[in-house]
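Note that subunit A is present in both complexes that follow, paired respectively with subunit B and with subunit C.
On to the complex of A and B.
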């Protein structure tokens, strides 16, 4: 039966995790994400799962990686300072191909900054935060419903591509209450066991792909290491070819599957002269700004990025052929705008509305930029 | 012709990974032998063992053992091990770590794992130095000892790891040395058999770095040094603190039985859900 609830965004995330099959959560209290841990501590024992509050965020992510190899779907939730602490083990997750979900409810940054205020402070930290080359997957919800839906999608992508998937939420989405519709049935991806043969190679994956993940304790006798490893999983750190092939495959399994992973939503773009590219909470002000602009005769459209990583390059490239001006509202001083500029490559003017301080853009602030561009063009 | 002597424990090793990377005279082999001996004498089956380690020479041990092994990040082995054990309490999780890995970068995880009394068996090979990175002092390096980052001798006080872990609440704690392989094996056996957090500190030698830097040039010199400085816990109890400063106190540091974590969490789940723990559920379709 479809169920309707009026819930906090962070609670919707926890409900989504349970629906996706998450049965293990380790976390450390941090504003504005703590309600996710609280809700998981309440829900997990009801579903036979395990909740543990760890001594810090480094421990939290280590623990969910261990639990993932025990054969469970696992999650942690934190905010910017916690994400900073987790970075080394996030890299471990990539190189060992460990599925897990990391929720980042972003807040004013850097450092301790604004625990109770919103920001999109970590858009780039999630992309580049851990040392080395890797291609992350991240989803950015803009509503309570999306926080639920995207959490399920995050688990599915983590399982399908065997990597850590981040939910780039923020304080606005985490701390607001909205209607949540919990569907009757959700599509979830389950793990499959690899076939155990005499010459079983646990990391022998096809080009651009990954391979089924075994659980510990079932006789596969696998060695999992953060060192550069061969197809058997054994360290082979001084061999340039082994390293190149491993890291290239780990990146390509995401990049070559952009079409499957990337998700965007386009509205009012068909006749638009200006397109607003947004991601996460700022999208909430875009609709009203477009309505006001169109009332004044300015044709504005919207492209909402659901998956900031991998960046939806083709989709952004294509709008640069259609319009001369792109507006990027962000709750930072300019992070995703660099990606938009890189992909647009001079084919359109890119205008940042960078806002920090913790408060969402007002529609009027976006409208002001629209008018400024429109008047300049006339 | 002399028959080649093969270790009875060789069957537990990943043959294809040999030779190992440990230096001649390293204590890791002695500790591995003691581990296999203790394991065979314990109630645990080798087939149920999974191993976890951090970073350092000691942490390379699991990579040579024919079981599922998780070689993790520096200092964090206990966090990964906690997840594995709580995720599937049927696994017998053994952690190999060292003095730098467990007591320096991983110190907070060590005391918290002991406090939780999470059901793990931890073998800490304490060689008083960072071997993998080339001989820097560690939190257990004796005051006055030399390392590549203490060219004038260390001016810091060392940790006594076993005592810290005991004070933090582990069920079973012991310290022995590579010069006491039988006692070490016995302690590992006890550790494997006991519920809750078991911590066995194995004081060991690093001839390549600790020995060379501290005028203990041969492995024999190091063994003798360890032996000469060893004192049993019973004797130590009658001695003054100042007399004990450079002593290696060996024996069991057993704690009165405290509740272990796995049992407590199992009871919680059964109480709240009325059903069993959802182990390996990632492989199952949801109802």
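On to the complex of A and C.
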């Protein structure tokens, strides 16, 4: 039966995790993500799962990696300071191809800055925070319903491509209550097991692809290491070819599947002279600003990025052919705007509205930029 | 139509619960849209506490409240802090026992504010015998003077939100608040 609840974004995330089949959570509470851990601590025991409050974030990420290798769908939730601590093991997650979901409810940064205020401070940290070459997947919700839906999608992508997937939420969406519709059935990707044979190779994946994941304790001989490894999983650190092939495959399994992973939402773009590119909570202000602009006869459209990573390059490139001006509102001093500029490559003017301090852009602030550009063009 | 409500008072008065109940009434029982947010700060009992609810029959894009149509003040500190944001001709509901009314006379006149006095705390204590239900009394008053949610939806949301065994007292509190104005 379809169920309706009036809940926090953070609670919707926990409900989404349970619906996606998450049965293990390890975390260290931190504002503004704490309600996720709290809700998971109530829900998991009811579903036969395990909740552990860890001593810190490093232990949390290590524990969900271990739990994932024991065969469970796992999650942790934190904010910027915790993500900073987790970075080394997030890289370990990529090289060992460990499916797991990391929720980052972003707050004012750097350091411990603004625990109770919102920001999009970690957009690039999720992209480049751990050392080395890797291609992350991240989803950015802008509503309570999306926080639920994107959590399920994050688990599905983590399982499908065997890697850590991040939910890049922020304080606004984490701490707002809205109606959540929980469908009676959701599509989930179930982890498959490899066939157990004498010459079994746990990392023998096709080019651009993955191979089913074994689980500890189920009879497989497996060795899991953060060192560069061969198809058996054994270290082969001095062989340039082994390293090249492994890391290329890990990156390409995401890049070659952009079409499957990337998600955007375009609105009012057909007749637009200006397009606003946003992701996460600022999208809510964009919607209001576009209505105000159109009432004044200025044709503005919206491209909302649901998956900041991998960056939806083709979609952004294509709008640069249609309009001369792109506005990028972000709750930081400019992060995703660099990606937009890189992809647009001079074909359109890119205007940042960078806002820090912890408060969502007011629609009027975006409208002001729209008018400034519109008047400049006339 | 979009309506913005702000309820403010001390921590411990159940201000947040009042916001959640209004949001729930609108979105789950009146089937219109609602977003509820709240201030997060060092809000131990006694500190300032604030909740905001946006209610609309259309999709709600911007989720925050900047100029409320309705301000409910359950403390003098909250009234003075948030009064200026209230829209001209807006609705101001105060608990007269907890605010110094003389200080707002000019403001009310100047901005054509519709001022309502709902002695929620006193009503909760005297009529229900439970000071803790002052927030529910206030919801009754809000529902009476505004049309943001229906009586039926408000009652259902209260029943959905309060601890088991306290339903009757809370519905009585709502009705006492509704009768105040």
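Methods note: the second predicted complex is superposed on the first by the 378 of 378 C-alpha atoms of A that agree within 3 Å, B and C clash if a C-alpha of one lies under 4 Å from a C-alpha of the other, contacts with A are read in each partner's own complex, and residues count from 1 in each chain.
The criterion applied here is as follows: a residue touches a chain if its C-beta (ideal position, glycine included) is under 8 Å from a C-beta of that chain, and two chains touch if they have at least 3 such contacts.
What you are looking at is a predicted structure, and each value in this text was computed from that prediction instead of being measured.
After superposition onto subunit A, the partners subunit B and subunit C occupy separate space and fit alongside each other.
Rounded to the nearest 10, the superposed model shows the Cα centres of subunit B and subunit C diverging by 110 degrees about the centre of subunit A.
When the two complexes are overlaid on their common chain A, residue A:89 makes contact with subunit B while staying clear of subunit C.
Legend: residue contacts after superposition of the two complexes on their common chain; A:6 is shown touching subunit C, with no touch to subunit B. Contacts of A:288 after superposition: subunit C is touched, whereas subunit B is not reached. When the shared chain is aligned, subunit B comes close enough to touch A:215, but subunit C does not. After superposition on the shared chain, subunit A has more residues touched by B, the comparison being subunit B against subunit C.
Of the two partner chains, subunit C is the only one touched by A:177; subunit B is not.
In the superposition on chain A, A:151 contacts neither subunit B nor subunit C. Contacts of A:64 after superposition on the shared chain: subunit B is touched, whereas subunit C is not.
In the overlay built on the shared chain, the residue A:32 is in contact with subunit C alone; subunit B does not reach it. After the two structures are overlaid on chain A, the closest C-alpha atoms of subunit B and subunit C sit 20 Å apart.
On subunit A, the surface touched by subunit B in one complex and the surface touched by subunit C in the other have no residue in common.
Of all the residues in subunit A, the ones that touch subunit C in their complex are 4-6, 31-32, 116, 171-172, 175-179, 284-288, 291, 360, 362-363. Residues 20, 23-24, 27-28, 33-38, 40-41, 59-64, 66 of subunit C touch subunit A in their complex.
Interface residues of subunit A facing subunit B in the complex, by the touch rule stated above, are 21, 23-24, 26, 45-50, 52, 54-56, 58-74, 88-89, 92, 99, 159, 188, 190-193, 215-217, 219-227, 232, 234-235. Partner subunit A is touched in their complex by these residues of subunit B: 14, 16-17, 47-48, 50, 52, 62-63, 66-73, 76, 79-88, 90-91, 108-109, 112, 265, 268-269, 271-273, 275-286.
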